[in-house]
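Note that the chains take the letters A, B, C, D and E in the order they are written out, and that residue 1 is the start of every chain.
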């Protein structure tokens, strides 16, 4: 039985089709990412699961039961909000204990549970502070504890790391992953950062304009995108147009070729002119132009570097050229 | 003669030493980056050059002339603001033409100049729109055109790409670099994104707590950081503590070792336990623990992948271990 | 942040403006102590405290004060309820006519007081409602709604909508959310709005002249006294007390709403 | 029970809104708009000029009376006064609002805020009254002018037609000054709010592009402060249009609309004519609000 | 109007009484402890008196039309309008024992008696005097022209800006009265009954006066203020203001100039729907008591409606006082009455509502 399933779910706001006939199954215990550009409907999907929005059409099931007529407070899911949504008038402990208080637990019990949850997110000792006295990362963890203390069967996270800076973000990525593995809860999280989705999720759904274009493991969507949009959005792929691919391989279809798969070689199927070089630290990015198509190659440290204006030959392993369905 | 030079410049706000005895020389035609964490004084430095702040001490020279007593409107520099600061009540053309209007140019001339500048940033045809009807990237380019139309000798850019999403950011990085090369103007830009600084700049100054820790080419600050802070901030380096380095090399000093320089080998000077793996698309990040020190290695595609819990040997090329002065 | 030093001309202009706003009020304070009770002789020939005692012993002042306090209290209560409901509805959804509702709330103060006054009076006349305490309250509450509404709407706007969702997500129904999250968060704004409404009602004279029958609120009493003074310094004393008394709610409202951005809008 | 009701509210968000809106809409929409409608209806009644009793047959006679030259004078006089008062308030308010928005910090900012709020909320009558003390012929201003040897200027001004008079307290100038004084805080606050919303970088950008402070004021600041000025002027304009106490206490006995409404209704008992007079500010403010809405001034209120 | 049924007997007092009155008419000792003719009445009858002050006759009519009052002290320019509008009810004089003491010249006065039916009890009467500053005028001005014509006053300065006029349409009658004396060719016989040309001439005179007057007075106390603080030196006024100003030591006096003067005779009238008729009858009887009339005439500077109040020593008034206040000038005074279109002395007269709007125009400078 799926933890969450969508069956032809739509949510329209007037003319805007925020979510458009989406069907989806998320297994219990999965770490599931919703990835897509801004406005593609990810948040709306999450809100449909939580019950903050009601579908215009379709059926939403949680563990088999249709829930679209149930208000949020009757659903076994909890949410970590993008802006954390901590209650400013309550201290950290009371924030975490809020759900238990509503559920009618007595003061001592709920405070004990809250302290445990705070310990889990490594914030013991912060219980008496007001949320405004915490840093962004700490607030984020309080929000997490507040949701986890309810022991939800599904945890929803909306861009949980969006507001954090790079260092903190990497750290929280690791923590979330560890936590999910420990608790075995289904995590569904929304992001528009492909790196985050790829590195954290068991499965990724790529959204665009209210629809899901592809669902699969990070490796699948990265290496075997179904359509150019996915290839382009998940990592910055080179997209070779169909006529060029036809000439190179005989098949008339667009193809994706990852920048790190492109090699500058002595000889190869394609000749290109170097237009720009930039140093990225771990690698050097080379921008090339080949038969009117702009290509990017990533040269590992130690590889020979061409100069702008040079004409070079490009080679790749046949298996790296991924043919796609869409034009 | 330097385009911009700071001689012992400080700017204190009460007890806060936003900029603290900074000396600096930026050559004409250079693409210069100021890099540093939040609150390290980068913006304040830029504002000192533009004239929005006055130094508490020190001398600021533009092309040899001390300017610290000149108001902004008398300095031959222009700024692209982080929030763009487009005038909401003027359309795009009038925004770009604003400086020329102030300078007293007649309507026809300034509109012609504005249209040329808009063409340069590839926004011809957008002149009649209000800024509110533009996307973030477009606004950014209007701000750029508005500054460039003044033909400044130095262009200041405060986190010009901070608000843009990844795709647009990479594209604008290329555009800015091309533009700077075409015009030959000195560009000084502020960022806290090391990738951006490394890939765009001719020279980088790394700030921390109001001071410049190191100035040099991207390669220098990346591969030969003077102090651990720089090593850590410019790319996420592994820092080996002095005792460990002493044992490995005989020299008592901390050392930086880039993640991509670490190899998982059959044998090597250090043994480590794998704690986590994550898929980054272009590479796989491996988190390891060796003698109490947390290390990160980046495994290129195709390299053998260990599993969490494995104990492995680590190796590197001697030249990649960079000893540093600071503790 | 531009360089914080203001040009001298600006300082002078702003300072002169503030002086212009305050000197006339200070003047009343001086006149409350004058020994001359017949004319506005300036400077006052002497100073005395006796008018405070005289005022204290005037039953008509106390009656008017009591009425004003009662009217202001009840009007404020009504305005609090109506203004909060309206603000909640308006900030909740982009429903059709939302602009119209805002306009409707603003109308009673955007239209001149005489208009509001005479309109209400003609309705009372047509509906044959006799003038009473409640007709005064009706008029006052109508224009007090807007102050509460403005304060509440601003706070609702700053209170991120996700707080309510978070509460429901954690199992609280609408009423529990209202009690445990919404009210605590907008309480200070309501208090501030209520205080301003109180001050507004306490000082109102134009609408009141139309909606009061024989009742004298303090401002009406003052108006009568200004026009046909019996003991001018008594009016001055009352005027001074009124200024000091209205100052308190304003100070309160200020301290309640000051710096609340950080509290209610955290996370961004 | 509550939960079940809460479920219903969740399932029917429109019902929730309707329940929330019902009380205020009944109060404002029915009672207040009803009152305005009743007023409109009254303006089509007429009055028996001898007994002073209202005749409820619909007629345009009252409007014909409204358009009599002496009444048109009143309307014109009031609108001119309202416009001048608005203009002057804007000019005086601007530096105060600007200083408070941009230069005052911390303690000073609080002081400025209270400095504006206190006169705003302190008794209207007290303020008007204190001006009578200032402007009277034997009052402080004359006293001050004499001490400063400026009596000639004061008398020169009073000798002018239209604006002058025997003393400031019986001149149109006096009325004007008091109007400006009493409504000024209503202008300062929205202008200050508008100015606070102008990002500082906007001004720096202007300076960066070569504009001197005055040019920045003219080309950037004023246009951006406009919605605030419009919002403030809704108050100054409306309040001036409707006030009858100030011109009754300080002024030249020439009537303003507010006095006309008050006197026709309360003194002359001519409610229909009062209602017709009241329609004038309603129409003017309706047009004004409509224009202000287009300017986006409501957000600045 | 048709007369409604009169009361036939006075019952128990209702405990309250509300009266619309001119400023200074009903004193309960608050302004001056010596002048109190309310407290004793309240003690005796248990009728608590509340007073609504009206500033003009028009306001009185409006208040009575609106209702909620028992009694009004109406002047002649208001009384007939209220009778015509059925706002007041006939009085049963049999229930008022002191009626017999009322001045005979007032008993059947046309401003309260219609077709032989009495609509009220005379309260008091007096002239609209010319008040002047005795420091500016060593001698009393002989003519009203000091307030109508631009001239230099005895102190050498112009009268412009230093004179006032009454802010009510009835002031047109003062102008007509002045013209009746100085411009006999116009043929004015009654200042309240003006043909169009006579009316136009009066308005012209008032337009000239507008140049001299910086502020009109409609409230007695504001006029008092203006004489104290605004440098006023001459104005049409009531004895009331003169008395108060003199009491405050301000150098003023009053006179009736050669043209004569307009004047008022006020009547206490009973509202058609009075809620407290018994108290009202008790009050009317009370107002005719000799000592009230005596004190009132001193307080207001007017002439009592009960002549014996001048001489019987029951109050503060004396025979000389009554004479000074105009007891013998009854015939010189043109009492206020409402101008109507079908007037007695002319074919057609300009009616009152035109007076109202035209006077607003004159004040507005038109």
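Basically, a contact is a pair of C-beta atoms (placed from the backbone, for glycine too) under 8 Å apart; a residue touches a chain by one contact, two chains touch by 3 or more.
Predicted, not measured: the structure shown is a model, and the values here were computed from it.
Steps from chain A to chain E, minimised over paths through touching chains, total 2.
Across the assembly, the chain pair joined by the most C-beta contact pairs is C-D.
Of all the chains, the one whose CA centre sits at the greatest distance from that of chain B is E.
Note: centroid distance chain D to chain E, computed from Cα atoms, is 38 Å. As a whole-number value, the distance joining the C-alpha centres of chain A and chain D reads 55 Å. Between the Cα centres of chain C and chain E there is a gap of 41 Å.
Note: centroid distance chain A to chain C, computed from Cα atoms, is 51 Å. For chain C, the set of residues that touch two or more other chains comprises 2, 39-40, 125, 173, 227. Multi-chain contact residues of chain D, defined as those touching 2 or more other chains: 6-7, 10, 136, 138-139, 204, 265-266. Within chain A, contacts with two or more other chains are made by residues 71-73. Chain B contributes residues 50-52, 71-73, 77-79, 81-83, 85-89, 98-99, 101-103, 146-147, 150 to its touches with chain D in the complex. Across the complex, chain B is touched by residues 37-38, 165-167, 170, 173-174, 177-178, 192-195, 198-200, 218-219, 222, 234-236, 258-261, 276, 278-283, 285, 287, 298, 300-301 of chain A.
Every residue of chain C that touches chain E in the complex is listed here, in rising order: 38-40, 125, 130-131, 213-214, 224, 227-230. Those residues of chain C that touch chain A in the shared complex are 160, 162-163, 165-173, 176, 180-181, 184-185, 262-264, 266-268. For chain D in complex with chain E, the touching residues are 48-53, 65, 68-71, 73-74, 77, 136-139, 165-167, 169-171, 251-255, 260, 265-269.
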